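The letters A, B, C, D, E and F name the chains in turn, as written, and every chain counts its residues from 1.
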Amino acid sequence: MEVLVSRKEHFNAAHKLYNPTWSDEKNKEVFGPCANENWHGHNFELIVTVIGTPDPETGFVIDLKKLSTLIRAEVTDKVDHKNLNLDVDFMQGKMASSEVLATEIWKILEPQIPVVSKTGRLHSVKLYETPRNFVEILA
Amino acid sequence: MEVLVSRKEHFNAAHKLYNPTWSDEKNKEVFGPCANENWHGHNFELIVTVIGTPDPETGFVIDLKKLSTLIRAEVTDKVDHKNLNLDVDFMQGKMASSEVLATEIWKILEPQIPVVSKTGRLHSVKLYETPRNFVEILA
Amino acid sequence: MEVLVSRKEHFNAAHKLYNPTWSDEKNKEVFGPCANENWHGHNFELIVTVIGTPDPETGFVIDLKKLSTLIRAEVTDKVDHKNLNLDVDFMQGKMASSEVLATEIWKILEPQIPVVSKTGRLHSVKLYETPRNFVEILA
Amino acid sequence: MEVLVSRKEHFNAAHKLYNPTWSDEKNKEVFGPCANENWHGHNFELIVTVIGTPDPETGFVIDLKKLSTLIRAEVTDKVDHKNLNLDVDFMQGKMASSEVLATEIWKILEPQIPVVSKTGRLHSVKLYETPRNFVEILA
Amino acid sequence: MEVLVSRKEHFNAAHKLYNPTWSDEKNKEVFGPCANENWHGHNFELIVTVIGTPDPETGFVIDLKKLSTLIRAEVTDKVDHKNLNLDVDFMQGKMASSEVLATEIWKILEPQIPVVSKTGRLHSVKLYETPRNFVEILA
Amino acid sequence: MEVLVSRKEHFNAAHKLYNPTWSDEKNKEVFGPCANENWHGHNFELIVTVIGTPDPETGFVIDLKKLSTLIRAEVTDKVDHKNLNLDVDFMQGKMASSEVLATEIWKILEPQIPVVSKTGRLHSVKLYETPRNFVEILA
């Protein structure tokens, strides 16, 4: 029987929604206050879910301490207290929307899960920009 | 890569669970205090999820401001501070359960999503009657 | 050393804000959608706080099971799945605002606390109408 | 149209992660503080989701009062204020991880859902060990 | 009997902690990642509490719609989707800490409360920078 | 102007309510399931509040990183993943109620606050045993 196992981490970051191929006017028109030139920011919540069969010796699909360590090393240490547009290498040249950020986080974590879990594989990356606006990528 | 994008809205409404083809006794027996003739009410939370491919120009599957405006115009403005049994046209003649309410909300929103999103389609309508009782419709 | 001890209970009720000495127009003007004639409702959260000195034999200021039983018997059983304007004896002839409801709950509970606690007295009644609108009475 | 209906219950329990076929040193090495010999504990949150077609007479997939009663009788009454390793018959001889506990809860509830719902079947058992660590079993 | 009435609003903003009279090294040493030159940000939650006697005609200490309108006009419209250090006139020349921001919000709102409430006066301004870090000013 | 500054930490622990001078029967009668001989447990949330005047150079009453470090070193590292009755030196010979635990935490932290803050002093220790049962000590 397969089980989904989830770990929630958080980070605080600044960003703006801005397409550099557009005029400032078009950016304001499309993105509204999210295009504010001096940035705004959020307390992001990130939930990473792994699916697999529990190991009979530990009862674990994945050791949640190891999953937490992986998420921090590969993702949250790189975005926490940072500017998503300026400071984060894996977001360079990309729109700083939650959809794009979650997609990049998926690409980073997906190959790393089998390194820390015998049977687990990445099932979901869920990213809350606010408690009312959030995105998810499902396997 | 497809992404699920969610927006949470809320509304406060009165309702009762009451089948008019049954006696008052049977309604009390089946629905208990939910059949109270003078109504009771809830702070409902409504989460609408759209799935699609992010637009490369915006990074958006759907503009969440437009999704919020749609949900308010088509749903929450019609149920907020209302009586679900008496005041809401799309609930006339129907049981005012969360299952039925979520089903009607799905029917209203499903054809409207492509109007505000190029690639998006409705994926889920989730309705919390209380933090402990909730329903969801999945595509 | 005195300690404050709190118990959170909840109830779901219908109500409307309506002053019967005013015209319908004035009620609509002052109370807006809260005056909807067919009612609306909320999931109320009620936090009751008692202050006192812990009993050395139990470590308790007040047994929280007894406080919960008291709140249910004296308050939430009388308002849960009810209409605050029509069904609740202690709200008859009163405005069904959260301020007034919390005041009446205070009057009911204040003399009862010493019955279930040797050193405790009522310190606060806090009532959430929604997560964003709430009232409190402090000793 | 099928609807998912969920009920959230909670229980407080002690446990430790400990494989009796291993030395104390290996248990400490693998499980860290979770292997503390004198136990630790959690406020567990359990969400049980049933999927089915609403009954036209009630608007219900499943009566949530009956689902709550079932969960309490079959699960939470047996684990609340208990030690998962020592006091719970259905966990005897098993690792007290959330993955294993959720699996056992699934096995208990799955055959019972059709007893209280005409069209419903078990869809998900979700178990929060903490707000940041949780597991789920999906049909 | 006086009642405390609270309204919760939110805003998303960027900021950094930076004392311009110090070297970059000292700023990094004192403020750590909060001094990141390219900013970071938060979903702030702001709770404003007014104390007073309920008006017998309305049951209100203060009309919460008017309090919400006041907070938005005087505070959140000026900080939402903004940079606290660069874009907010009432924070010019001040440290952008939560302590200082809450103090400035107090100064703005305190004289305005009597304009929208006959008996009410400002009792508390509470500001959550994250769910784990928050400040409050009490009358 | 004085400001209250709060930091929330958490820990997971086992305990039981048991007065060793009483018979098992009396313990069961007074404490009910909380007296379960094999323990139960909770995810405790601890909020520590310091009051003082913000330092003009930093905008801080107290550096929240230092407050967090202090709480972890002096309190949560000693109770997290522990048994409150058996493993915690400052609870030896005391009832393991939330009232008593919060009182001991107050005694530990109160003299330490001036060490990490020029103007701050301890204002409140608030301890959630569950989201519905919590205690607080106020200066």
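Methods note: contacts are C-beta pairs under 8 Å (C-beta built on N, C-alpha and C of every residue); 3 or more make two chains touch, one makes a residue touch a chain.
Computed from a predicted model, the values in this text were never measured in an experiment.
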item	value
Any chain in contact with subunit A as well as subunit D	B
Contact distance in steps, from subunit B to subunit E	2
Contact-pair overlap exceeding half with A-D, pair selected from A-E, A-B or D-F	A-B
Most remote chain, CA-based centroid, reference being subunit D	E
Homomeric contact subunit A-subunit E: same or different residue positions, threshold half	same
Between subunit C and subunit E, centroid-to-centroid distance (C-alpha), Å	28
Intercentroid distance (Cα basis), subunit F paired with subunit A, Å	33
Inter-chain centre distance, subunit D versus subunit E - centres from mean C-alpha coordinates, in Å	41
Junction residues of subunit C - those touching two or more other chains	131
Chain pairs that touch, as defined at the top of this document	A-B, A-D, A-E, B-C, B-D, C-E, C-F, D-F, E-F
Complex contacts: residues of subunit D adjacent to subunit F	10, 12-15, 33-34, 36, 38-43, 80-83, 86-87, 130-131
Residue ranges of subunit C in contact with subunit E within the complex	17, 19, 21, 30-32, 94-100, 102-103, 106, 131-138
Residue numbers on subunit D that touch subunit B, as the complex places them	1-9, 49, 54, 56-61, 63-65
